[in-house]
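After this come two complexes, each holding subunit A, first together with subunit B and then together with subunit C.
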Partner chain A sequence: MLFLQLFISGLQTGAIYALTAAGFALIFGATRVFHVAHGATFALAGYAYLACTDAGLPWPAGALAALVLAVAFGLAMDAFIYRPIQRHEGSFFTVFVAAFGMSIVVQSVIELVFGRGFVTVSSALTMARQVAPGIYLADIFWVAAGVAIALFVLVTLFLERTRAGIGLRALSENPELLRAYGLSSRRLSAMAFGLGSALAVPGAILTTMTSGLQPAISHQVMLISLAAAVVGGIGSLRGAALAGLLLGVVENLVIGVLDTQWSAAAGFVVLFAFILFKPSGLFGQAVTR
Partner chain B sequence: MKQYGLNRRGFVAAGAAALVAPRLALAQSSPYVVGTLFPMSGPNAEYGSLFTKGIELALEHIRADNMLKRPITMAVQDSLATPQGGAVGMTKLANVDKAVWVMIGFTGVSKAAAPIGTRSKVMMINGGGVGPDLAGLSPYYWNVIPLVNQEVRVLLPWLQKEKLKRIALIYVDDPLGNSVVQELRKGLAETGGELVGAHSIPPATQQFAAIAARVRDSKPDAVYFASYGAQQSQIIKQLRDNGITQQIITYSAGTIPSVVGLPESEGLIVTSQVSDWEQGDEVTQRFVKDWRAKHNGDPTSYNQNYYNAMRLFALLAQGLEKAGTEVTGETLLAELQRVRRFPLVGGEGVLEDGGTMAMPLQIGQIRNGRLQKIA
Partner chain C sequence: MTAYLLNLATLATIFGILAASLNLLIGYAGIFSVAHAVFFGLGAYAGAQVAMLLVPDVLLACLAGGAVAALLSLGLALPALRVRGEYFVAASLGLQMMAVTVFSEAHALTGGHGGLVGIPLPTLLGFDVSAQGVFLTVCLAVLALILLAIRMLMRGSFGRSLMAIRDSESAAEAFGKDVRQLKTLVVVLGCALAGVGGALFSFYMMFVNVESFTLEQSILIMAMVIIGGTATLAGPLVGVLLLLLLPAALSFLPFIPPTQIGAVQQFIYGLAMALLMIFRPAGIAGQSAGRR
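Then we have the complex of A and B:
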């Protein structure tokens, strides 16, 4: 029963990881920008939701505010940080430092506004009930699973069935061809940032309700997103989502056999195993040099 | 060559005086450098804010009372609550800022910083770290907070009385957490209890659903956790969310506002030093009155401890100034060992051999968002 309980907990954690990692993977896959500030997007969305619920607004208003702020931040990063850098030299290191610096700025602003402590939204959804002997399940499990599945179906349909979605997929591979088809790479890049940032919102709201927020959460989120992106195959949305789920399940299951201390490390053991034995990840393409 | 009223000896003396006088004047007017080595960023930054607020009020009182002839300059270093941050921060405070008095918090930070401070003869005062091995860490290291072994000793008879025998422990894998494991294992065995599970966690862990499943599996009567900072609230919330209905217990780190104010903390048992804000002595009354006026609420014991740490410096430096002795780490230590008893917030503080301060302890419970003494 312990393992089944751990597996269920892992699925819930994994669904949140999957949503967050998918946003990072979508942005990187389309634009090749190493968007380290994706963790800051997550933090901003979570705190926006928290501020609204604290102000007594209903949860849809909080979710909308989180969505607007996350998308606005993603678009602003693209327009005012990455694009000017890319216009001049566009080195990976410059982009990384700029994005990391912005994460620190966001963290400091959050600390100023919300303080440095832990904050959470208490909800009846997170209270687990015994559903079978030794098995506890909270309603938020179904919310996390439902939202994750629905969003992946929608995003996949968008990427595969719409002209803009196909354009997004082509953006990183052949921007010249896009121009030939009358598509603007600039607009598509903005769309990637908007959509990728929006994907961080459900995970941020669910985290606010389950494990809570603190201003430095962006670094932890980024670490998981990065690990999931590598395990899933760089740039693969499907891979990052599946890898996020896998990391969540592994982190939880390992506690059944090893000391609790190994939980976080287990995810990174999976990461190292992929780097060693399948560097292209779950859905990445192997490149021969 | 004709001399014009100044012979060679006089010229040398005047030259020497001209060279030395500005330095003497500078030495007399230059500020005392006092350092802080707290976590000012990251998940434990809430403690840094709490500690600093206590110091700020003490500084206001020191200035208002004109306690010292020279001003105080604060040198702030972020310890990040890690031993590495502690070592780097103390190196800067001792060697670059030339601080003579450093206020410090956290067990791991203290253990890393103490050898560096000792080498440079810097006085170090702890009002936040509670690891038992902070007693006797260095002749230059003093605690103005009771240590966790004392807190556990107060808790054990209460557990026995409440018939809470099977205890599951969740602890951060650092010097503080490891000392709690030892104290609880030893203490429970002596009082007829049992440690049914000891689950170590890294300081940055944020997911506790799986740990809650393990804890539930061990069927404890109560769950004790030894963590600090934002992680504490995450542990409490996720234990409650994941079906842990048993009594949850922690030590004095749980007195911070974010824990006390958390709805899921209702009923939480917290051991801590006694903070009696109604105490009649002048120092306590002034501290509480001004704190309430400034912060619109009651202080925490951490505010009290760091107020005391800063006030202790002023009292010692004042004594040295009166005696015409230079204020250095060495002279501050000598003065502290000479005086030993100081009027502080909470009553007379008596600093004992081993670098500790005697202080009464209490068992509190969080009820309606407030910590209330129950034993």
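Then we have the complex of A and C:
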């Protein structure tokens, strides 16, 4: 019974990871930017939602504020950090360091404004009920699962059916050809950042209600998205989402076998093993670089 | 005041060793490790155990710390040989996160979260070197030796081959360089030197726990190298001085409450990392654009 319970909470964590990692993979797939400040986007969205509910606003207002802040941050990172760097050099590590620097900046600002401790928003959704002997389930599980599935279907449809979505996929394949067809690679990459950042928002709001936020969450989320993107096969949306789900489940199942402390490390053991033995990930193409 | 300055100088020297050794990987070999604090920690734990169980000899502890770090650096060399770029950064992040868990759970070796307490006063070949000024001299001597070794190595064929690999791995291989061997060697060397720094650190603090070997520490060391300037001898040292003097300088500003200094310091160095990458990617002491 313990394992079933852990599996269920793993699915819930995994759904959040899956959405966030899909955002990261979308950005990387389209623009080839390793957006390590994606965790900062997640943290900003979470804290924006928290600030709004603390101010007594209804939840849709909080969610809207979180969405606006997240998308604005993603677009600003693209316009003011990545673009200027790529203009003169664009080495991968330069981009990585700058993004990491900005994510440290966001973390310290959050620490200055909200303090270092854990904060949560209490919600009726997190009240757990016994659904079977020894199995407890809160309504938020269904919310997380529903939102994750719905958004994933929407994003996949967008990428496969609409002109803009096809443009995004073309951007990753051949930016030169894209320009020849009269599409703006600049606008498309901004779209990738906006969409990818928006995908971090539901996870951030759900996390505010379940396990709570702390300034260091931006690092944790960044590491998880990165791990999921690599395990899933870099650039593959489907792979990242599946790997995010997998990491969430593994993290929780480990608690049943070992101690709680090992749960955070479990995901990285999976990551390390994948890089050593199958660097192309679940759905990725072979490594070319 | 003198004690305070000596403390700052000793820490700067130890971080100088760390930054110089990471520069071997990042600057000269193009191996972007974000797990340097792991090897710093391995050296610190090994040095502390030698001091507590055998003799508190600085030389012996440094050798032990370096040896343990070198042995386990194969965990970093393995992914360095197989993957590059983003994948290697991800692998080293994974290694860092696993190591922190192991450090805080392997109570018998590391003392867990409580750490190792009661590391005896350091001696060197039987002489007491525990006085602050004397210990600083020992650390400075180690740093000087390491810098000298790096300078000689990087001027020679080893360094040239490494830089060739950094700039184009396939070209270096086509010229008959044994890429696998060179990469493994530089990872082992860089990590072993970090282990030596760790052993000195454990003597100096007389106490080690996992808090000093986290991802944040790895990032700090990386920031020192990057901000100072990669692939130069002086760059990492400049970075160390800037990033260590920063919190000290901030604590003199009256309008920042002491509890917020950590966050303000992080804000500044995060911003410095981002801005430098945009305007001067070679770092403060690095050559201007075009090189690298």
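Criterion: the second predicted complex is superposed on the first by the 286 of 289 C-alpha atoms of A that agree within 3 Å, B and C clash if a C-alpha of one lies under 4 Å from a C-alpha of the other, contacts with A are read in each partner's own complex, and residues count from 1 in each chain.
We take it that a contact is a pair of C-beta atoms (placed from the backbone, for glycine too) under 8 Å apart; a residue touches a chain by one contact, two chains touch by 3 or more.
Note that the coordinates shown come from a computational prediction; the quantities given were computed from them, not determined experimentally.
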Key: Superposition on subunit A - do subunit B and subunit C clash or fit   = clash
Task = Check whether A:Ser218 is in contact with subunit B, with subunit C, with both or with neither, and answer first, second, both or neither.
result = neither
Request  = Could you tell me if A:Val105 is touching subunit B, subunit C, both of them or neither one (first, second, both, neither)?
outcome  = second
Inquiry  = According to the stated criteria, A:Thr31 is in contact with first (subunit B), second (subunit C), both, or neither; which is it?
reply    = neither
Task = Could you say whether A:Phe96 touches subunit B, subunit C, both of them, or neither, answering first, second, both or neither?
result = second
Ask   = Touching A:Thr20 in the superposition: subunit B (first), subunit C (second), both, neither?
value = neither
Ask   = Between subunit B (first) and subunit C (second), which, if any, makes contact with A:Asp259: first, second, both or neither?
value = both
Inquiry  = Looking at A:Ala227, would you say it contacts subunit B, subunit C, both, or neither? Reply first, second, both or neither.
reply    = second
Request  = Quick one: from 23-31, 77-85 or 149-157, give me the piece of subunit B that collides with subunit C in the overlay.
outcome  = 77-85
Note = Contacts of subunit A common to subunit B and subunit C in the A-superposed view 107, 111, 259, 261, 264
Request  = Write out the stretch or stretches of subunit C touching subunit A in their complex.
outcome  = 26, 32, 78-79, 82-87, 89-91, 93-95, 97-98, 100-102, 104-105, 215, 219, 222-223, 226, 260, 262-264, 266-267, 269-275, 277-278, 281, 289, 292
Remark   = Interface with subunit A, subunit B side, in the complex: residues 41-43, 45-46, 48-49, 170, 173, 199-202, 204-211, 213-214, 216-217, 229-234, 237-238, 240-243, 256-258, 262-264
Note = Per the touch rule, the subunit A residues reaching subunit B in their complex are 2, 5-6, 9-10, 12-13, 107, 111, 115-120, 122, 126-130, 134, 136, 138, 210-212, 214-217, 220, 251-252, 255-256, 259-261, 263-264
Query = Hey, which residues of subunit A end up touching subunit C in the complex?
reply = 34, 81, 84-85, 88-89, 91-105, 107-109, 111-112, 219, 223, 226-227, 230, 234, 259, 261-262, 264-265, 268-269, 271-272, 275-276, 279, 287, 289
